[in-house]
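Right after this note come the structures.
Both complexes shown next keep chain A, but they swap its partner, so chain B is in the first and chain C is in the second.
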Partner chain A sequence: MPNNLFIYPFLLGILIMLVIIAKRFSKWFIGLSKIDKIRVWKKLRTKNTIYSIREALLEGLLHHKIFKKNPVLGYMHMSLAFGWFLLIVVGHIETIYYYGSISFPFYMPVFFRYFVTGHEFYLSRFFAIIMDFLLLMVLSGVTLAYLKRFLKQPFGMKKTTRLKPGDKIALTSLWCIFPLRFMAESVSAGIHHNGSFLTQTSGNLIEHILPLNAIHTPIWFAYSTALGFFFVALPFSRYMHIPTEIFFIFLKNSGIKLKKHVNTYSQVQVFSCSRCGICLDSCQLNDAGIRNTQSVYVLKKIRDKKLTDEELFNCLLCGKCQHDCPVDIELNNLRITQRIESTLQYNSSYDYLKETKAEKADIVYFAGCMTHLTPAIKKSMVQIFDHAKLNYWFMDEDKAPCCGRPLMQAGQYDAAEKLILNNQKKILDSEAKTLVVSCPICYKVFNEDYSLPGIEVKHHSEYLLELINASKIEVSPLQQTVIYHDPCELGRGSGIYEQPRELLQHTNTLIKIKNEKEKSYCCGGSLANIKIQMDERYKIKDKAVENYRSYNPDILATSCPLCKKTFARDGKLAVHDISELIWMAIEKNEMEKLELNEQLAKVTNPEQFWELEEVPIQD
Partner chain B sequence: MNTQKTIVTIGAGIAGIESSVALSKLGYRVILVEKDKTIGGKINNYYHLFPNNRPAVDIKNYMDEQCRIHDLTIYKNTEINKVQKKGERFSVTTSNDDILKADALLVATGFEYFNGMQKEEYGYKIYDNVITSIDLEEKLRSGKQITTAQGKEPKRIAFVHCVGSRDEKSGNHYCSRLCCITGVKQAMELNSRFPNSLVYCFYIDLRMYSMEYESLYRSAQEKFGIQFIRGKVSEVSENKEGTLQIKAEDTLSGRPLRMEMDLVVLLVGMVPGQGTEKMKSVAALESNSHGFLESNDWQLHKNSSSQPGIFLTGACNGPMSIDETMEHARSAAFEVHTYLQNHSKHE
Partner chain C sequence: MNKFGFTTQESRAIDYGQFDDRLLSYVQHHEPTFLICMSCGACTATCSAGNLIDFNIRRLSLLIRRGEILQLSNEIDKCMLCGKCTLVCPRGINTRNVIMLIKKGISQIKQSENQN
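Moving on to the complex of A and B:
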């Protein structure tokens, strides 16, 4: 048996890593609430576990979400992760074949070509080819990773994350592992002729230039050291995301939700960030020159406990990064939780709101503060309610209470909670079955943070569509072309994409655009950002308006008062809320009916009826 | 050889006319180009002028008379589409495809009123009883009865100051300077028509920068009983009967306010006029961060633009009152004169 001291760096490294990871995982698990622990435990024994394993493989190894974003970037991640995984798996099978049993030292597959010196065994040639192929695959990934550091464009990324010293050690050792393995296996192949198309060829070449026997053990030692370094550095680098992500997938699939305070589940999410930097590109703060507050940086700062308010609060919470995140981290809620944690809670009093009493009605209408600042929306909604003869209570007509969402976004949880409880009581007291809201910001909080059993919460874009479908209102086409702007809180925030579009198709011609639905712009007006300057907001808005104008629509339609207000400021595009368009279409329909009646009144002879000029009436 | 020199003045508002008249008196040939079918510009919209309540029509008549006496060439319904400099001279292409040759250009393209609809929270064009100071002036000028949309006499009237001025949200950080005194003038005017009415002015701070303005502000309070409340109006909503409810904050007493009003008047600010915007691209004139045309030298040559031979007069350079505009116009004429004199020496 040759001197095998060189395996110790690897052994030591992997041992330290496993101990640290085990410690962290158990700490995280213990930190979960009792109910959450039971959730995990119960779900473990269902087929949910199979889904989790499947997802862990699909995401952790194949990176299919990154593939969707950019195939080159996806291949890079896949060849590294999946290639390495297969090297381990196939390496083990090879060793089992060699030994004819499963009892062998566990480091054996890692250093197989050092120890197994050319003995022919069953399928040995075949394994050599496979192993060489897999090594080649990993090496190609490593090469792409080298290139990515210098050229970002082919990877579909304009920016790449900045590295900290801890990551540099891990990254450097990771980059060394496979070239060193290649070198070590080549040297072994040069000596023992146990390689295949890759390592044997290079081994034969090296034989001519280097003293193979002299460098044989040292090069394997270098390989083992690189592995050891990587394993020790892993828990302290961004590569901690690899084990954490798997843990996160299990917890997530058990149905655990983020809380309004920092706990170990939020920590797991923070540590699951691979710092791939995909979230950087879609961030619209780039348009305003803000480049240090994006999710990847904020998560890193949370991990390092170096987060400043400036970074935490300079975010629109538009949710674009969350949509792009290949790991599915709840970036918006994570940030809100962090904001609640980092903010001094003001002891606001909203006692004056208790004075107003609820009115009994079928429908409660909640316009929201922003809608009060865009009264065209409010007026349209009230006119539509009256027109359809609905029994509604305009809850915030007079003393308008806030829904609580802006306070929640600002981290003022206690104040938000007071408003929520007050509003909740009134809504329930009204004994209504439906709550109609005009503002997506309110919509989100009513759905997520209120407890309103038996009451359906509907944004007016959903509700107006229902009214049309139930023939409670009739509309006539308005003959204009529109672009629909998805508000962040309604679209990405609440998944309402189709209803507003369907509604618009009743009245207007909808232009399909590239940046819509999940990819929709944020208007820049978001209440969630309390650090951004006005001129920076304008830059974000201008970019979106510029894009919309390139489609040359008659109208920019939206379903959020804040988006409307932000875009209307520009004056370059006619901006209307969806409710205004519907009211216009109802008025038009009424006019047409009136005209038809007048024409009918003129007809004295019933036979003349068929000679009437055709009047466009919607059926 | 002054008679050979030609100046093209763009805009026949009071700045354009007064400076053209002055240049005409100095012996130059002046061509006035006006985009509208009438001359006088914004002076046509006003009823009485502050601080002395003089009828605006006086100024209009004076302008008409001056144009007639000096026999100014005026192209109405005409815009400037192209400005080219050939050597020392300018070649100006109009919207009628005429090409005017000039030795100097005088830009008098003026301002526009801030569009009240951009502050949707005040409900302009949504609620019938919300009007702008310009609408009110027009009502006063036309001599029609002033009523609410429901045909009633307004009993409670609110003036909202700084609509589109000093307002980060509308993107206009500057003070339009004249709305404060316009508000005081109009408040007094309405109060004298409806002596039983309550008139409120909601302001950030009042900028009474002339001696006479301050006196007016004083008598508005003492003689007319107009209430000045320091605080911006946040929103206006409509009651069922068509009256308005405004929400504001009285920042002196530190209390939120909710008040019923019959009429709300928005004191809209001044923004660069369409013609001013056009001159930026047509004549490559630089503008300041507020969008008005930039003076080459703020202290010494206020009338010089960023381009030699092109001069500025009136509110294209920034918000200014009628008296200030007249001075600005005359100094512009002198600047043009000096420029042309220096150039003829070199020739």
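Moving on to the complex of A and C:
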């Protein structure tokens, strides 16, 4: 009977880890609101659980989102996670075959090659090959992980996060686990000849160099110790994201949403962050030299309870990191929740707001504060409304409160509520069916936070497309090449990508670019960032303009007054809002009609007149 | 005096010995651009809240410099944070941060006074 004291580091490690994780999970679950708890219980009994398990496998093991970002990085994560998972699963099946039952000590599959010393059971050679193959797969992942520390470029990453002490212990032991397992199994194979193509070959080699029997138990002890260290360090390192992510997927799929105050669900999301640093590269604050407020750092600061206002409010909330996040953490909302907590003490009451009279109309047009700073947009919209002979009411033509979104982005939800109620009443009083908004910032809040039953909220890019499709306005092609800049709040924020593009194709030639739709730039003007300085905003804008100019467009089109204002400062590109382009196209169409009429008027000879009959004649 | 149709006014002299500079130094420390304001009034001219009610952002800088915390706390609540002032500012002052800092500063001062 071999001396099996060496398994204790592993046993102890896994026990400590399980106790800590169970404690944290139950604390998080208890902290959820009552309704959320019921939600989780109810959803557990539906097929929703299957989806969750599927997602946990796809995300947690196969990492298909990281694959999309970069195949090498994806393979590294997949080979480690999925390879290890398969080693455990196949190891268990192998042990079941060996014992012929499922009752065996639970550490048995981990140290199988140490205890089982021969090829004497059914399918044993087959299992040995599979296990060696899986070990090779994991080892390839570990090798890539070593390489990644020195060379980041092949992994598609420019930056990565710095490690904390807990991470260093966990990472070092993780790096040691599989090489040690390989060594230990090789030594066992050298003695017992129970290995396969990998471990047997190396075992035979080692046999000539080292005294196998002397190092047999010590090397298995080292393997067990590495496992033990990793398990103990796991809850105190970034690897805590592995169990938390699975928990998070289950909660998320139960339909739990982030609340307006910090609760355990936000904590679960914070701990689900693996600090992979994928969010670092896409953050445009890098262009402005701001390198301490990116999502991964802010989440870390929330964990450590060291977050300051300077970091919390220095974010454009453009949503790029949220789009890139392989764990699907709601980074924008998480940050807003923190902002709500930070500014809870001083929400304004806006007692001075009065209920003003609403005009009855079919359509309410709300230009928004930013549009009042870019008068060309509201002028175009008004002209288009008049031209299409629509019954509309320009709600904030003279004066109206702000929509409330800038306050919400700053975390002042209670204050924003006051503005929302005031505007909401006016819109409902107008008995309109449609609310047309020119500013994506307003659009998002009208869409999500106002309760406007029976009223369709439309951004002007959607609305103008409808007008064209319904032939209420006619446009002529302008024959210019155009790049469309997706505003953050309209694109990533509200998922409207196609309507503006379709609209532009009616009048202009659209150039396809690399950084569009979900990957589109932020103009740098975002109201969500309260701390950024003007010169830093310009640096972000310059970088975006530089990229747009490399495509040589005649016009940079956008559908956000703030983006327009930010880009227009540059002066190197002609910037127009979609509504302006549409109005130009309508005017051109009118001119063409007029010219045709003039030509017709010149025709005096009736015989000539009939030659022109194919052309529509205006009265 | 009333008999003669005269009234007396309270002294309007500012006593720098009594000057409350807590808010000024707080805002100045966290948003140094506050100091480069040349009081042109573009912010006040464009202000959405100023369009609805008597509210003057430019005046805020005067009130901070005089340490009129009570008056400020009534004024600052009118701002809707829409951001027009930041965009029109010819000096590139981060006015929204100034507003948020004043709000935070006042709430901190009030808190510390309540504790004492």
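List of remarks:
To be clear about the criterion, the second predicted complex is superposed on the first by the 594 of 619 C-alpha atoms of A that agree within 3 Å, B and C clash if a C-alpha of one lies under 4 Å from a C-alpha of the other, contacts with A are read in each partner's own complex, and residues count from 1 in each chain.
Heads up, the rule we're going with is that contacts are C-beta pairs under 8 Å (C-beta built on N, C-alpha and C of every residue); 3 or more make two chains touch, one makes a residue touch a chain.
As the structure is a prediction and not an experimental result, all values here were calculated from the model.
When both complexes are superposed on chain A, chain B and chain C occupy overlapping space and clash.
Using the contact criterion defined above for the overlaid structures, shared-chain residue A:P401 touches chain C, although it does not reach chain B. Shared-chain residue A:R549: touches no atom of chain B or chain C.
Look at A:S349: by the touch rule set out above, it reaches chain C but stays clear of chain B. Applying the stated contact rule after C-alpha superposition, one finds that A:D309 touches chain C and leaves chain B untouched.
By the touch criterion defined above, A:L373 lies against chain B and chain C together after alignment on the C-alpha atoms of chain A.
By the touch criterion defined above, A:K565 reaches both chain B and chain C. In the superposition on chain A, A:K593 contacts neither chain B nor chain C.
For chain A, the partner with contacts to more residues, out of chain B and chain C, is C. Put simply, of the chain C stretches 7-15, 25-33 or 43-51, the part that bumps into chain B is 43-51.
On chain A, the surface patch touched by chain B in one complex and by chain C in the other comprises residues 372-373, 534, 565. Per the touch definition, chain C reaches chain A in the complex via residues 30, 33, 46, 48-49, 51-53, 76-84, 87-88, 92, 94, 96-97, 100, 103-104, 106-107, 111.
Across the interface of their complex, chain C is touched by residues 309-310, 313, 343, 345-346, 348-350, 352-353, 369-370, 372-373, 398-402, 406-407, 410, 412, 419, 525, 527, 530-535, 562, 565 of chain A. Here chain B touches chain A in the complex through residues 115, 118, 120-121, 123, 126-127, 168-171, 234-238, going by the rule given at the top. Chain A meets chain B in the complex at residues 372-376, 378-379, 397, 534, 538, 564-565, 568-569, 571.
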